[in-house]
Amino acid sequence: MSSNREIFLDGLRLNNTGPMALFGVCPLLAVTSSLITGLALGLATTIALVFSNFTVSVVRGRLRPEIRIPAYALIIAAVVTVIQLLMQTWFFDLYQVLGIFVPLIVTNCAIMGRAETFAVRNSPLPSMLDGFATGLGFCLVLVLLGTTRELLGKGTLFSHGELIFGAPGNAWQLAVLPDHYGFSLALLPPGAFMCLGFLMAGRNWLDSCRAGGERPGQAVRLRQHVPLESS
Amino acid sequence: MKEYLLILVSTVLANNFVLARFLGVCPFMGVSGKLEGAIGMSVATMFVLTLSSASSYLVNRYLLQPFELEYLSILSFILVIALTVQATELLMRKTNPLLSRILGIFLPLIASNCMVLGVTLLNVQQQHNLLQSALYGFGAACGFGLVLVMFAAMRERTEYAPVPLPFRGSPIGLITAGLMALAFMGFTGLARL
Amino acid sequence: MKQDTAAELARNAGKRVFHFHGGLRLHHHKQASCKVAVQTLAIPPRLYIPLAQNAGPAAQPLVTPGSRVLKGQQLARFDEPSLGFVHAPTSGTVVAIARQPVTHQSGLEGLCVVLKPDGLDRWTQLDPIEHWRSVDAEVILQRLCESGLVGLGGAVFPTSKKVDEARKSGIHTLILNGAECEPYISCDEMLMREQPDKIVLGALILQRAVAAEQVIIAIEDQMGEVFSALQAALSRADCTDVRLVRVTTIYPDGGEKQLIQVLTGLEVPSGCRPPELGLLCHNVATAAAVAEAVTEGKPLLQRIVTVSGNGVKRPSNLLALIGTPISNLVDACGGYTEDAARLVLGGPMMGYALASDQNPVIKAANCILVLSQRDVQPGQAEMPCIRCGECARVCPALLLPQTLNWQIRNDLLDQATDSGLGECIECGCCDYVCPSHIPLVDWFRFGKSEHNLLSKARAQSERARDRFEAREARLEQLRQDRTRRMNEKKQALQDRPPSPDGAPGRGQP
Amino acid sequence: MDIEQAAPKSGAAWRGALTLGLIALLVTALLAGVNQLTRQRIERQQRQAARVQLEQLLPSAQHDNVLQEDSYTFRDIAWFPSGQGITVYRARKNSTPVAAIFRLAATDGYNGDINLLIGITFEGSVTGVRVISHQETPGLGDPIESGTSDWITKFSNRSLHDPELAGWALKRDGGEFDQFTGASITPRAVVRAVRTTLEYFAANRDLVFAQPADSLQNEVTR
Amino acid sequence: MRQVLYALCPGIVVYTWFFGTGMLMQILLASAFALLFETLMLKVRKQPLALFLNDGSAIVTAVLFALCLPPLAPWWIACIGMFFAIVITKHLYGGLGYNVFNPAMVGYAVVLISFPQAMTQWLPPMAIAPVDIGFLDGLRSILTGHLPAGLTWDAVTQATPLDAIRSSVANGQTVAEARHLATFGDVGGRGWEWVANAYAAGGIWLIWQRVISWQVPTALIGSVFLLGLAGFVLDPGSNPSPLQHIFYGAVVLAAFFIATDPVSGCTSPHGRLIFGAGVGILTLIIRRWGAYPDGVAFAVLLMNMAAPLIDRYTRPRIYGH
C-alpha cells in the first residue's frame, strides 16, 4: 500500500482524473465561464468524491461483484443528492447558476472511475484522501480554465464572488484589464472548447519538454510532405 | 405542432447538446475516432435517450410528484436509465441479434454519459409532457449523432495532417469541436422561428 | 438514345465516337521529329542485348562468349516457352555475357549479351510463311512466339500469349491502336505514313489468327497524312472489313481502355481484359512486326525510336537495332544541345528518367526524350495538396488522386487499394495538372509496389501459418493415432488370452 | 455502468437483490432525512429569491401582502397579440391597491423573447422595469440589463403623460428614449412593451385589482 | 492563389469607388497581420519561409476576411480575426492544405460574435452618406477605435440592406416598404449590387482559368435563387425576391471566392454541388430565421464541417467498377 503522500500526489496529478484523459469534460466546459463558478463546482465535486469514496470503501467487502456497480451508483447518487439539497439550502444563488451540473456530478465519469479503481481496493481513510486529491486535481483544472476564460472574456477575476462567499465576495472582483475590454467568444461554447484544447496542448508540451523530446507514439509520421520534413 | 418542431430545431441545431449545452462531450470526444463507430453510437443513443426520457417522465409524473419525492429524482433517474439500457439490450438481442451485435458495445457507454441524465433532468426543469419529453430526448440524440458523425469524418482528415506535436490527439479534437461550436452559433435564434 | 446492350455496343465499335472521363488536350510537339523520314541507324560498334525483357526472369543463353552469330539467330531461350527467344539483331561475335546497366525504371543492372557486329549484317536462314491465309492459326501463333514478338505499345507483353488467350475468349473486333497520344512521340505516326501496307497486312494476319469479324485502325484526328496513307493502303489491299477511325485527340486516347471506351462507349470491367468483351487491342507497330515475322520470317530485331525534345539538336525518328546504346541515337540526331538536362525513356507523361545514355534500346523504347534546362523547371517546389480536385477532373480512371496521395503517404495501402490504386493507368494526367507540383504518379508507382510487397509478405505469412497449422494438425493426428493404436493394442492384449509363446510386449512401441 | 455480469445462481441473485434493496432503502431513508431537514429552508430560499426580484421594483415596506400569493395570469390577444401568458402581482397595503407588477415577454426583440418585470403604481407611473432574461446579442442588445447600463432605469417614475404618448418611442423614431449604438430593435421592443403595459393598465386598472388570485403561486424565475 | 487575388481586384476597385478607402486600409492591415502570424507560425513549426510566404494563401485569406469587415472597423478586429484564421484554423491543423475550416470565415465569425457592435458599423455609399469621412479621419478611427471629434457612430453608419430588411420586418413592415430606404439600389443594396457584379466578373474569369470549378458557384447561386423564389412566392411580405437575395450581402463573393476554397470544401464534383447547395440553403435559413442578418459565413463553416462526410459518400465510380 502506498504512502498517503504518494496517494495524494497521484490523485492530484491531472492525468489521473478525467479531464485530461477526456472524462468529465462537460462540467469542465459548462461552468468555467468564471473562476468562481469553476471553483464552486470543483469543490462540490471534491466533496462528492471524498464521501462517495469513503462510503464505497466502507461497504466494499460486503458486496457481491455483480451488484457492486449498481450499489455504487446508488451511493454516489445519494451523496450527490445530499450535496444538491445542502447547496440549495445554503448557496441558493450558486445552485441556480450551476444548474443541472450539480446533479450531473453523478455521471461525471471521474467519480465512477475513482470509486471503481481506488476505493474498492483501499480502506476508508486512504480512499478519502484519494478522493480529496482527485477532486482537488479536477478543481485545479476547473480553476485554471475558469481563470483563463474569465480573464480572456471579461478581463476580470473573482467576479460573482458573492455566490460562494456571500455579500463580502461581491467586492472581490478584480478588474485586471481595462473596463471596456471584452472578448465574449471566450465565454461562449467555442471559447470553452478551444481554451481546454490549448490547456491540454500546453500540458503535452510541458510533458514533452520534461521527457526531453518527442513522446512515444507521437513520432513524426514517415513520408509526410517532403519540404515540410526536409528543411 | 409548431412547438414540437421547435423542440427538434432547438435540440438538434440551435441548442445542440454537445456544442452549446456541453452534455455528452465525453463520448463525443471518445467515440469519434472512426466513422463506423460514430454511426453506431449515434443510433444506440437515439434508442436509449428516447426511451429513457419517456420512462423517466413517467416515473417523475406518477411516482415522484404525487408523493413529493422530488428529492429522489437523481436516484430514480439513474435507475431508470440503467434499466432502460438493460431493457434495450435485451430487447435488441431477442429481436434483432445483428443490430444488437453492432450497437451492443455502445450501450454501456451511453449509460455513463451525462447527456442521458441531463436530458431527463432538463425535461423536469422545463416541465415537458410525455411526448415533449420523448421528442426532447430524441432530438438531443439526433443533435448528438449529427455532430458526432461529422466530427468523426473530420477527424479522419486531421488524423493524418501534420498537426504540431503538442496538439495531436485530444487538443486538436477540442479545437475542432470549438470551431464546430462556432459554426453552430450561426443557428442562434433558430429556436424561435 | 436507345439502350444498347454491352455486346451490341462492343460489336458496333467505331461506328459512334464516345468520350472517356478526364484526359488532357496537350500540345503534341510531334512536328519536330516528323520533318524527315525515318533514317536507318548505322550498326553500332557494340550491341547490348538484355536477356530479360522487363522485370521478368532472364532467358537462358544459347551462346557462349566467342560464338559467332548470324542476324536473327537465337541467342537465348526463355524457360517459359510462350516467351520465345532473344535474337541477334545483326551478325557478329558474342564478346561477353555480363551484367550491364539495363533500360529499366529501376536503373539496376541485368544480364546482357554483348555483341560485336561484324558489319556484314548476314541473315540466318529465314522461313517465311507465304500462305498465311491457309495455314492453321496455331502455326501463326507459333511463329509469333518464336520471333520474340511483344507488344510495342508500351507493355511489351508477349504477343503470342495475348493473341492465344484472346482467341480462346472469341474475338469479333480487332483494334489497331495508332493513336500515339503522348506528346513528342511520333514513331508510330512515321511507321503508319511510311509502311501502311505492312500494317494492314499485319492487321489481316492478326485478324486471321483470332478469327475476328472486323478490324478497326484507330488514329487521332490530328494525323492528316497518316489517314490518307492508311486509306490508300486499305484500298490497295482491298479489304472491306478493315475500317479506319479517327478519334478526338485527347491524351490518353491511346490507352487500351480509353481507346475501347472511345470506340464502343464501354468500360472494361475491373479485373477483366478486353477479350472478354470480344475485343483485342494491338499497337500498329506490333501489327507491322507481325507482318514481318509471318510473311518474311524475320524476328523482332529493330524498332523505330523517336529522338526528340528541346535537348537534342535534330529531332528525328530512327530505325535502331535492339541493343544499340542510346548515345548512338542521340549522336545521329546531331547530339545534345547546350542546355540538355535530362534523358527520358518514353514520353513526357509516362516516361521515366534514365540514369545514363549508355543504356541500350529495348523493345519497349518508343522514344528517347531529351529535356532541356528550360523544361525541367527546377523552381517549382512541391507544395502540400490543396485539394483543388484538378487531378480528379482529368483522371481517366475516375480516381481521386488526392485521396490516393495521402493514403499512400500515410501508409494506408489497403485503403488506397480500396480507393482504386490498382486501376491507375499511370498516365500522368494528374501529375501534369497538379498546381502543387506533387509527383503523384511516382507516389502511385511506389504505392503499387509497396502494396505488392505487402500482399506477398501477407501471403507468405499466411502460407507459413497454414503450414504451421497443418504441421501442428499432422503432429496432433499422429499423436492421437499413436495413443489410439496403443490403447487398442492394450485393449487387444488384455482381451486376448495370453498367447502360448508368451510374448505380450512385442510390438509395443 | 456495465451491469451485465455472469448470471449468478438464483439463490445468490436473491441475496444480491436483497442487498441492493437494503442499500436503496438506507439511501432513501438518508435522503428523506436530509430532505426533511432542508425542505423548509429551501422553500424559503426560493420564495426569497422571487421576492428579491419583485422588491427591486417595489420595496416591501410599501405593501403588506405577499405578492406571489396575490397574483394571477391572463392572456389578452387584443392588447398583447403574441398570446403569451402575462402574470400580474398586486401590491396592497391594508387591502388598498398600491401597485401592480406585470411579468411579460416583449416578443419583438432581435433574438427571441425579452422577459420583463414592469412595476406600475396605482396612479399609473412606472416604479421600475427589469429584464429577467433575454437572448439579445451580448455587446449590442445587453444594455437593457440593469447590470450593464442604466438605460432601463430611465423608465422609472415615467407615466403615460410623461412623456406624452408620442414620446414613448426611441429618439430615432421621434420619441424620448435612447437607442443603443448599432442596435435599435432591442430597445424599441422594450419601450413598446412598457408603453403597451401602461396603456393596458390605464384602461383596465380596476379589473386588475379585482381579479381573484390564482391558486398557484407564481414564481418569478423562469 | 495569385489569380484569386487578381480576380478580386475588380471587386475591390468598385468597392472603393462606392464606399471609400476604408476597405483598402482593412486589406492592408489584415494582410500585414496575416503575414506576421504566418511567418511566426512557419518559424515555430520549422517550415521553409520563402516557399510558403510566396504562395500567397495567407494574403488570399486576409483579403477575403477584410472584404467582410466594415470599412472603419478598429485595427484589433483584423488582428484577432487573423490570429484565429492563420494560427488556429490553419497552422494548428498543419498549415496550408490541411485546415478543415475556412480560415477567413472562422476569423470573420469570431470577430462578429465577439465584437458585434464594431462589426455592424457599416458605412453607406458615399453618394448618400450624410458625412464624408476622409482618408486620414478614416485611418485615425481605424487605429484608435474612435471617430473624429464631433461625429458619432450613429450619425456615420447605416444599416446594411439585410439589416434594414430585418428591422423593418421585425417592425411589422413589409420588405417592399423597407426598400424605399436610400440604401437600396435596383436589385441589391445601392453600391453593393455593383460590387457583387464585379466579384462575379472576377469569379467567372477564375472559372475560365480553371482555378475554380463551376459546380460550387452554380449550386450556391442556384439554390439561393430557388429557395428565395419559394419563400418569395409564399410570403412576399417578409421575404426579399430571389434576385435581391443573391445581390444582398456576401452571396456572390462567397459563391466565387469563399465557398470555392478548395482546402476546406469538397473535392469530388458531386460533393461540390452538394457543398454549394448546402451553403445556399443554410444561408437563407439563417437569413430568414437566425439571429445574424447574413448567414453566409456560418453556412460556409457548417458545410466545412460536413465536407469530409460528403466527400466520403460522393466518391466517383472508379473506372470499370
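For clarity, chains are labelled A, B, C, D and E in written order, and residue numbers in each chain start from 1.
Methods note: a contact is a pair of C-beta atoms (placed from the backbone, for glycine too) under 8 Å apart; a residue touches a chain by one contact, two chains touch by 3 or more.
Please read these numbers as outputs of a predicted model, since none were measured by experiment.
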Longest centre-to-centre distance from chain A, chain (CA-based)
C
Counting only C-beta pairs in contact, which pair of chains has the most of them?
A-B
Using mean Cα positions as chain centres, tell me which chain lies farthest from chain E.
C
CA centre of chain A versus CA centre of chain D: separation in Å?
33
Measuring from the mean C-alpha position of chain C to the mean C-alpha position of chain D, what distance in angstrom results?
84
Per the C-alpha means, the centres of chain A and chain E lie apart by a whole-Å value of 39
Centre to centre, by mean C-alpha position, how many angstrom separate chain A and chain C?
66
Touching two or more other chains - residues of chain B
71-72, 75, 82, 112, 160, 162, 167, 172, 175, 179, 182, 184-185, 188-189, 192
Send over the residues of chain D in touch with two or more other chains.
1-3, 24, 27, 31, 34-35, 111, 138-139
Overlap residues in chain A, where contacts from two or more other chains coincide
70, 73-74, 77-78, 81, 85, 112, 182, 184-185, 188, 190, 194, 221, 224-225, 227-228
Taking the complex as given, what residues does chain C use to touch chain E?
21, 257, 267-272, 381, 383-390, 392-393, 396-400, 402-403, 419-420, 423, 436
Touching residues (chain side chain E, partner chain C) in the complex:
51-52, 55, 57, 95-98, 210, 213, 262-263, 265, 267-269, 272, 315-321
In the complex, go through chain B and note every residue touching chain A.
19-26, 29-30, 71-75, 78-79, 82, 112-114, 116-118, 121-122, 125, 160, 162, 165-175, 177-179, 181-182, 184-185
Touching residues on chain B, where the partner in the complex is chain E:
35, 147, 149-151, 153-154, 156-158, 161-164, 167, 172, 175-176, 179-180, 182-190, 192-193
Chain A - residues contacting chain E, complex:
182-185, 188, 190, 194, 227-228, 231
